[in-house]
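Note that subunit A is present in both complexes that follow, paired respectively with subunit B and with subunit C.
The block that comes next holds the complex of A and B.
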């Protein structure tokens, strides 16, 4: 690789990123997409959708996620994990679908990035904390070395602004570092830094700043003077190099094409710290969890995490976060009357600063986004997954109404998140079960073919909503629910046994896991990619048994032959499968 | 510098479309490229159509000497001129509907696009992009689900049957939204066809296809073919509709990287909805093609695929 690869470079001026813009640039010929989420976080990713290679820079920044222009896949702020695949609205994207994230941070008015993780040393360290004056970035059709060569010998007039006149001084570079050039005015009150971004092997971008930022009145003079000089510099350098025919030839991209698999393709437990706890409603405590190290895995609306408590218990809690809120997880825990140590422990013993183990997130309560309307019914603490859904819907053009049933206004949790919903949130206070049912009948109405229903809350309430919906003609596939005490995760798949012919091992695959999971748990390393039976990576030969293929990689003839299976999705109709591994 | 030359027997031996017959007759001779080779297709009204390949070494776009001219085989089918750079088979696939006399069968334009033929074919076979790329025409958000369909492959053709999609205007003759049923047929590695229930006669099908001409590894020309039962719309309206649709696809296609179609199973991330594309990539792999594709997962494009245009 080219030298200087493990260095920080400015890749965009922060001004380039305003207004949900999606910015495209390159570093050493690697295409980058740079976008800022509404929470201020700046993302620098590989500029390529994992699905079919679309440049993400032609996609849409919705403030929390970057949406690909070709088939609408959504990628989360910070993690770049895929959260939604519109062609399959009821599936969760595989955890392996995570775009490549480049290290980056924002400083001195620029986004800095590197192809590889590198030291904290920046080419420009400003002592002054003030935001400097940032010049317009200037692309040159000239390779890096040529720009460096010319800059060594170049002098600039530095305008030192006063209220009504500009004095000019001529200075040679004080420091000639390869990627950064510093100039000072005669009285040393201002410095100008020019920094180079190696775009590709034919192009270089010069970024510049003046520090400290000159007074408002003289800024325009500074900008005019420096921009004009830089434009002249560009002309000189560009005309000095011989025209390279290569610039008019088509090139396909010059980097590796393997889909980079993001971090955390297999997750296990991770350590988190309680960064905040607060009483959000009667008997409900909110906990905010931040990672002890690294980042948190991508989540989707409706997802829950498993908390592994120091007392040995594991409990599942839905995340209330809106899309793109990746720096922390928030959950709500209601004190249960006969708690066996789950909610009681959390309420009484878990304090700010405490650490605990978490796994997940998992999502069994998936939000379809392929109907124009969504009705969300929350009962009490059942609000939590629906709150996440409402925030995700709020980002789209789809309309929704969140009906929130609680005993009294003191029982309303997480009200700090309600403002964004306006009249799409309807609270129903203190209704009896009969009144609740009446309200549900009124709001549901007969099935309109345009809506989906999601319900979460006490089991009796969910059952009532399901029955009511059915009696009003709603088909079961339009009514989704999660029992709040979701202790048994139902799985439609049955258990079976696999025998590995070559190693003689017999293993059992239970309802919750795939053949691939079981093989991996038992030390059989098998590559995988899409984990939904579409790419063919995790294929193995089948010697005996009647497979339930479920994949789309093999065609019908191959399914009938039954000699190969995809271990990520295939299961068994017979009690046993004999695999050729 | 030479345009990368195609060495794949499987591609050299195929019949490829190179020009629409009326373009040659009325505005010929037509010069074009096929698999990196320069061709000239000529034949005024009343003459035989002939195709010459210029075997001229070129540097920086300049022809250095006269070079050799080679005559290529000519075939006329479905309104287009076809040729081959190798030993083509006797047979070209057939489209039975083309011969029915009560139809409007014609080419509806040739559109150039700066990407590989493979990427262009996949785009034609793809349902999932309708609500995003052809919003208001072939699809509409939020109706984005791709229902399961079935794919068969018999060593010569791929068929995808039972495809369904909600469409606001499926064709010019439709006046409002409907769930449209589709069958896709890949009759040739670069010739995908689409059969859909005719809005005029529900027992018969409209056929739409593109015959993709691989000009170089990363440039293609999509020659559109239509065979419709539509009596109400005139040529110009139908052509305009097709041009709008292709105009929406073009920027998407030209922003796919890499331009050559990646065949390695881990190079991209297919999903269930991509069944047809999955079989298509497997087919190209089995044909042993390396022109315009990237064959394995780890391959780097160390040499840029240069070309003259």
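The block that comes next holds the complex of A and C.
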């Protein structure tokens, strides 16, 4: 059995997957769900939602994600990473929540898969460039060995020829491999290949193709004729055997754990290549990044990545991708007038074909998908995370409006993605700060309990939107924001003590170092990203003490509660902080 | 106004509810406590239907029993396009009737297995399931070749007919009777298409197929 497992098997014909169908099958008793996203990518996953174990094959293929029918967990095209859990609308699913991905590829009209990664050798290698004619796949209630035994002696009659002269050819096996049978005659150019899919211990699926593909007008006749003969073959084989139940059920299941974890597995740093760069608006360059090998980690709308530049700097950029666009990341980089070397480098030195390191994505700007109305306010380059959100909302029945404030129409970025939004996108061109505020007041209105606001853009604009919303009665919980930078003048010099409640360590934070620095010096590994109190990655829980927050990540309510701090910038008003680590 | 004597979990009542909604026929439901109350066997209900079966409709005093009869009556009366029951196209009507008869078979096997499993009916469960699989094989083959001819439905028409409608509930609920559909990909795709029809209605145990844009 072990030999057979490390092979590629056809598990579906590509035609089986049309129209966002969610296809269900098995390989050696392992249940598979197979679905094709609108970008053409074919996913072969374990047929099980990680939440309660429901079959994902009863779920919904929305063209970009597979949604479990029961509690709406969403899994991303390509990576199988969970992107959203409706029961926890304000949280990001952990990146470890990732369905099992089986190795697979598409060739000769079929989806091929295997229980473990194996060589590139296929049971059928066709030299003909033409796509073959794919036959109707036939499941037999017969174990694999029985089908193999009977197929050795099987022959097929095929009628072919011109309309006035139909010749009958009898096809006998010329080559018989354990999982693939080729039938041909000496006086015909056509061969029939039959390939076996070991479904489980009682069932086998015969997939077949004819090569070269017959002329269009005779294809249906070929399909009908071979289907009839295969159905007859099935009837004979099924009636000749008595099924020996459950032989595979006792076998060791360890191979299941060796299956490749696919692209969804967590990576800390990965190499990407710039596959495209383009000027998308005045001073804004779009970059498209593809993995050098393997796939890209699952992302959620609002997420950002850290780019580690060859000049030693790290910079955060939001992904503008819509759901399911897992083959590439796209970011927008605005040239900053006072660039410290990040945007300037990217604009001037990073070209197509260049490689760089990337980590993330992190998502600290989380999109709730449980409110009837979402208002997105973008200022300039602040569009980027909101563009990803708008595309995610566009795929739901929740309504949203994306308000995009820029200086002029030449400043509108990523317009190639706008068509899908219709009148849900409102652009506001060339408004002064006072006019912008007036427009925000009109658009927001008083709080209606049905809406959520998301804002991203220049710090002054975000602050204005937050203050305006508060004055109109919006609670901080309904107003979400992401600052790209922290413009607060930071206290970096006070000294205080931190006590780590879980490990019992007490450490001092001296003038010039941050809590994050001190933690790292003492061996506490903590992820960070922007290191200026804007992104939320280095957050820890606070148990005691009076913090001096200094961040622009938490909202007013969260600052007041004083239960979380950003270790990269937060300091202390009291002598001591007790941290929940 | 049409009154339907209805039980939510009955496949035969579901067939009628589907058509009432597809054709936007104004109606009201009169729920019958089929299980565990056996209200369809009560004295008062036997005056409505002496056979003690549901569904039954009362269309302003015109009382009709049996799902197929009700569907033919409602489609002929209300379907202005004559597509569900194509009385103006003899060969298509023949096909429709043929597959409606076929659906009697799926109701007596797949849906009988479901009654056995969920409501404890005393049927030969193995025979029910084996019979359902035999019919599903035939249906899958038929629908696969319909797809090759660019036809989406059971009969050779652009639009679905009552044949699709009466087959759909037996098929979509078959797993409640232990008849799984993993070996019938063409049937599974056809259920996607049926569930994507405008004004399609769900019932307990039937899930949405998602939109196709």
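The criterion applied here is as follows: the second predicted complex is superposed on the first by the 451 of 581 C-alpha atoms of A that agree within 3 Å, B and C clash if a C-alpha of one lies under 4 Å from a C-alpha of the other, contacts with A are read in each partner's own complex, and residues count from 1 in each chain.
Everything that follows uses one rule, which is that contacts are C-beta pairs under 8 Å (C-beta built on N, C-alpha and C of every residue); 3 or more make two chains touch, one makes a residue touch a chain.
All values reported here derive from a predicted model rather than from experimental measurement.
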Name the contact category of A:86: first (subunit B only), second (subunit C only), both, or neither. first
Looking at subunit A, does subunit B or subunit C touch a larger number of its residues? B
Is A:29 in contact with subunit B, with subunit C, with both, or with neither (first, second, both, neither)? neither
In the superposed arrangement, does A:341 touch subunit B (first), subunit C (second), both or neither? neither
Contact-wise, after the overlay, does A:295 reach subunit B, subunit C, both or neither (first, second, both, neither)? neither
Determine, under the contact definition given at the top, whether A:562 touches first (subunit B), second (subunit C), both, or neither. neither
Of the partners subunit B and subunit C, which touch A:62 in the superposed model: first, second, both, neither? second
Applying the document's definition of touch, where does A:458 land relative to subunit B and subunit C: first, second, both, or neither? neither
Contact residues of subunit A, present in both the subunit B and the subunit C interface: 58, 69
Would you mind writing out the residues of subunit B in touch with subunit A in their complex? 1, 60, 114, 122, 126-129, 131-133, 141-146, 150-153, 216-219, 251-252, 255-260, 262, 264-275, 278-279, 294, 297-302, 304-309
Sort out for me which residues of subunit A touch subunit C in the complex. 12, 15-16, 18-21, 23-26, 58, 60-63, 67, 69, 136-137, 139, 203, 220, 223-224, 227, 231
Mind pulling up the subunit C residues that touch subunit A in the complex? 141, 144-145, 147-149, 182-183, 185, 188-189, 192-193, 207-213
Which residues of subunit A touch subunit B in their complex? 31, 47-48, 50-55, 57-58, 69-72, 85-89, 97, 245-246, 249-259, 369-372, 396-398, 527, 529-530, 532-537, 552-553, 555-557
